[in-house]
Amino acid sequence: MRFGFSDEQLLLQSTVRDFLRKECPPEAVRRLWASETGHDPALWAQLAELGVLGAGVPEAHGGLGLDERDLVLLLEETGRAALPLPVVATAAVAVPLLRELGETGAAGAALAARWLPRIAAGDAIVAIGHPENEFVADAAVADLLLIAEGDALHAIEPASDAANRSDRVRCIRQPANDPGRRIYAVECRTSAETQVATGAAAQRLLDAAFERGALACAAQLLGATEQMLALAVSYACQREQFGRPIGSFQAVQHQLADVKVQLEYARPVVYKAAWSVACRARSRAVDVSHAKLAAGAAGALAARRALQVHGAIGYTWEQDLHLWMRRAWSLALDWGAEPRHLARVSEFVLADGAPIGPGHTFEGAA
Amino acid sequence: MRFGFSDEQLLLQSTVRDFLRKECPPEAVRRLWASETGHDPALWAQLAELGVLGAGVPEAHGGLGLDERDLVLLLEETGRAALPLPVVATAAVAVPLLRELGETGAAGAALAARWLPRIAAGDAIVAIGHPENEFVADAAVADLLLIAEGDALHAIEPASDAANRSDRVRCIRQPANDPGRRIYAVECRTSAETQVATGAAAQRLLDAAFERGALACAAQLLGATEQMLALAVSYACQREQFGRPIGSFQAVQHQLADVKVQLEYARPVVYKAAWSVACRARSRAVDVSHAKLAAGAAGALAARRALQVHGAIGYTWEQDLHLWMRRAWSLALDWGAEPRHLARVSEFVLADGAPIGPGHTFEGAA
Amino acid sequence: MDLLPTAAQQAFRAGARAWLEANVPSTSLRSFDTREGFEQHRAWERRLHAGGFAMVPWPVEYGGRGADLLEWLIFEEEYYRAGAPKRVNQNGIFLLGPTIMEFGTPAQKARFLPQIASSEEVWAQGWSEPNAGSDMAAIQAQARREGDHYILRGQKTWASRGAFADWLFGMFRTDPASERHKGLSFLLVPLDTPGVTVRPIAQLSGETGFAEVFFDDARVPVENRLAGEGDGWRVAMATAGFERGLMLRSPARFQKTAQQLVALYRGHADRAGEALRNDVVRCWMDAEAYALETYRTVSRLLAGGKIGFEASLNKIFWSELDVRMHETALRILGPRADLLAEAPASHASTRAGSVSGTDWLDGYLFSLSGPIYAGTNEIQRNLIAERILGLPRSA
Amino acid sequence: MDLLPTAAQQAFRAGARAWLEANVPSTSLRSFDTREGFEQHRAWERRLHAGGFAMVPWPVEYGGRGADLLEWLIFEEEYYRAGAPKRVNQNGIFLLGPTIMEFGTPAQKARFLPQIASSEEVWAQGWSEPNAGSDMAAIQAQARREGDHYILRGQKTWASRGAFADWLFGMFRTDPASERHKGLSFLLVPLDTPGVTVRPIAQLSGETGFAEVFFDDARVPVENRLAGEGDGWRVAMATAGFERGLMLRSPARFQKTAQQLVALYRGHADRAGEALRNDVVRCWMDAEAYALETYRTVSRLLAGGKIGFEASLNKIFWSELDVRMHETALRILGPRADLLAEAPASHASTRAGSVSGTDWLDGYLFSLSGPIYAGTNEIQRNLIAERILGLPRSA
């Protein structure tokens, strides 16, 4: 029993943090927002090189062979940087999904063997069409689409040339609040050939994908929350009114103290959920939902308070705060909004004979 | 169209306020809490003399012939004083109920003629057994019980001598949080003789009684809220920590400012509900429920914040704050707790073609 | 206490309703924080003015209708009920206009009020400076007297409507040796004065709802000063009171939003549960409470009362209600809350009728500015604590 | 990260569970803030001590079991799971004990710790004075050195357990010329010392949970001073950290309350709707979050870490959660929330099983003290802002 990270895990986290601070500053995020594709292949390749994209890819396929306990810290960093690249879908959801598909038979193994190395190398973006999300994030730049249709899961590879691409997959952009996450209504031709799993097997994969997607959002929310808090603290230290920094006013201090409290009590929940998913603990559904709710609430509070502390300047497009505010709002909605996750926790807590109360916290373990 | 009180109304209010400040200070409340009966006939008689008890009694019966628009201000004052006497049941509910009974025929008129003058003179306490309240407040000291049973309303006069009294009415005290409001499970012998209304007529009377009881609680809550705020402000001005009054700390200031906001936006709602009830406006049910909810929420917030500002001393029996805290808690539960009133407002607001939106505020008028 | 409208009030309401039904544009205008939308809104103001409804409570001589404040509330109810456009000249009609009526000379009234009422001159406000936000007394922009002119130097920021407006009002330091609240004067500045430079600022919505305004030896005639030299703070406090209180935030606006929220909920009632229902109902109640308190205040004013620091209570109540209503709406919309207006409607939001789900996101962003502008809610709470409750001054 | 208990931890849990099941009194004791209840609780502590479970993480030589902090958390879980009595000597075992371990001399450890573990000596805390509440550095009570004794003069107040306890710990000003945090010493005072007068104070519940304590030339030997003369503030800050944080408020307490809240809701599910359900579920989640954060902290401590100002985060989280849980329970109980424990049970509360509805009102009153004692939550927010976030000191 040890609730904490190893030095190696923390080192990898700080490496990624330093990298993103340097390579993905706010100006880079804005550049990507405004760019035609929203994608940055060079940055993507560097993330691969750092091991972020291939963290969950088995070493045999060129990855680090790690699991959610490691990845959660890296995702936190991508949230802190408001990184507008499809890390959640590709690294957190698609990689383990392909890994699991690889264990279902020859066709699956072939698919995994074809794509996992490319992901680890930074050569592939995967988009996920999951029944829990109405739209598909980053579908237009995806090299592989894993899309649920009916009771089946399909793997679709749009051709890389634009002409043939639109023949197989049509992506209709949906204007949304977070320019760093482009979402699309996707129409594509599925067939027996594109089908990679069906029935209970497909459902199992999709269920696991949902947990991983929600967990990844929660992890990014932690980072985004901490960053919004840091921005607000920094502004409150520097901005003077009435002859003193506004951060010396209790009204400002207490608003930000509340954010800190909520953040620090969301953090262990997210970390536990990472452990639960990695270990396939019995409690993983409720742990993940709890994590998504706790991190979402912390993010919402941080956005609200950081904006209030910034005042009018926070309300401008020029100020960087909204890079994280928009992110926090969209992450809270992605992979299950609040009512969905609250219902899952409710169902668990209110069931007859639910294992709740003192002593049950780690009992739902595998 | 004039949303305000007349000079006469305000004068009567301030007379009652001054009287209660003098005759019902905290020591008097504590004395009544600890007394055997909980009743103070002398104080009751003085309230009658001031016109509080007979405000709604027609002049022909020795009262002032006023309505809820006047009474609301007087009830506010009894709340401000935490007056532990049954003003709500007797003056706010029983008086108009008897008045209305008086219009239903000879028997009703006789009952009204018998009791209204005695109430106005301060010679009678009336307790109400209403289906919306599980128990009957102040039943043990009542000279008249108006009790619903089945679809009928009964008027029961317990004998004034204790021996015969228990023959007709048995009152079992229920230990409750507010010593200023003794509640009883009441067992009594009803008969054709005690029955004063039945069926739709009884229901109409009981419905009107519910609106009046809830309105009266809301009015008392306004006064109690204002008093808790005043206590907290006064303590915050006088108590020093870190070399300055704690009321100069923003953390304290803002907590109390919130109470003031909530109080001042509950006030017009309560006053409008008084008008609605007095004028039998179509909107009176929703207006009363809104009033009860708004005043209840303001009272709850005031109790919470006043206690926090007082710190440990507010947590003692010796400090007076809890006289109003207990009152605010019990008033919020009496005559319909939050869910009951919220459901009534919901039903109105969410109905097809509900008259809501700009321009409808005074449209529900009679 | 009599809460029934008089026959005259009913007739006034009917007249306003009839005119609005006949005149309100059937398609919505573009945002007035775009050039095109700004001119569309100015055209609407001209039409309103021609119809005699531009500024109903103003005297007829200044382009008003001579109505009393109760009629003003009734007009506002009808205005929001009709879904009429937002008032592009709100700084002029709701803030500066009342200020000129209180402090202006007859000549100033005659010069400015009719142009405000007709929106021939649209106003920006110049409250803030980079170092004077919540602390408005920290104003540094200077107005140096030179004969019958002031020479303006300095900078204002967050000037709402600044991008497209014709005039700006604001405080300038006319006594260079003065500090804090002293030595300030309230000046009216044409934005086309040489030496004035306007830099629009993009807001969260991407539109340029406010601007920085730079003054580089801009010359303004002395007759453009409202009230005496050095009286600026007193004038500005009155204007700020209007901003926080009655005029700018008429209850009808929030009642309309609450009504739309109820409609949104009804359109989603199958998915949105009881918890959201309670929140919706609470929002409706609070919007009603705000209306009731406003009617009560107006009754008091008609009886000769004055508005004081209660304006701070208003400011907190409406701004936090507005945020709450929009948050509730976004929770009802669920995962679709993120979509912008141009996104295709979902089945659910279509069913919710005329209320487009996606307007709520824009409205939410706008609502978030409510607790910030017109004096942050932190400042308002200080004022309530110290000026209304009588708590000791905070350090 | 490994969140599975080891075999040894599982065995420890099983042992604790077995002992508690065999020993926890089947009927609940009276409140320890009554004379009778106090002695009942002391008797229970003796039994716990005899069973070796009085203070599991303490060294065996001091009456403990030598368990590590993870085992301590496991024990607490079992303790609350078993519904065992509240700890009457919590000031001693959770606050003073750890302080003596950190600052005491070997002689002090040997003298006091075993008596604490066995509750032969029950402790009151003497943090506050009439003029030193949130501002603890304003302490005025004096301890004048006279040979090998201190002569105590002054007053403490809100001394919890003061009414019936044997000893009191607190800070006294040993340097009469000193101010604020300087010149204070941490003293241990037998309450039967001549010159010490205890006046019990009735709380909202009517019970005497705390007391005023007057010192009128009371003589205390110098060896009753913990750490050096003038070191009182440093010692007290460590003790206060224990109070806010880990030891006194073990997560099991809140998990137990959350579990009871869930049971209460299930017993009333027909009347209590979805809105309350969501609140109940949120309470459960927060109690779990508190447990998780505690396990995380303990892991950090076992790896050599220290607790600092994070204790302020704990204090806010558990105290506000505790209030929220009780408020939610009272809302579930509805109109019956007002009834005291002696009132007859309703149909609904009977169905809710072993959880008596009426305990919630007592619990609510108690929970309201949470945001006040151990440093008000306002003070904690200041500490978080200034010591953790690094915001500038407030004026």
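Order of writing sets the labels: A, B, C and D. Residues in every chain begin at 1.
Simple rule for what comes next: contacts are C-beta pairs under 8 Å (C-beta built on N, C-alpha and C of every residue); 3 or more make two chains touch, one makes a residue touch a chain.
Being a predicted model, the structure only gives us computed values, none of them experimental.
Across C-D and B-C, it is B-C that has more C-beta pairs touching. Look at the CA centroids: the one farthest from the centroid of subunit A belongs to B.
Here the spacing of subunit A and subunit B, counted between their Cα centres, is 54 Å. Between subunit C and subunit D, the centres computed from C-alpha atoms are 52 Å apart.
Centroid to centroid, with C-alpha atoms defining each point, subunit A and subunit C lie 40 Å apart.
Annotation for subunit C: residues touching 2 or more other chains are 273, 278, 378, 381-382, 395. Among the residues of subunit A, those touching two or more other chains are numbered 249-252, 254.
Interface residues of subunit C, counted against subunit B in their complex, comprise 1-6, 9, 13, 70, 74, 76-78, 80-81, 251-252, 255-256, 258-259, 262, 265-266, 269, 277-278, 280-281, 284-286, 288-293, 295-296, 298-300, 302-303, 310, 313, 316-317, 378, 380-382, 384-386, 388-395. Subunit C makes touch with subunit A in their complex at residues 128, 131, 133-135, 138, 157-158, 201-204, 206, 210, 271, 273, 331, 334-344, 346, 361, 368-369, 371-373, 376-378, 381-382. Listed in rising order, the residues of subunit A touching subunit D in the complex are 1-6, 69, 229, 233, 236-237, 244-245, 247-250, 252-254, 256-258, 260-261, 264-269, 271-272, 274-275, 279, 290, 293-294, 342, 345-346, 349-350, 354, 356-362, 365. By the touch criterion given at the top, residues 249-251, 254 of subunit B touch subunit A in their complex. Note for the complex: subunit C touches subunit D at residues 273-275, 278, 395.
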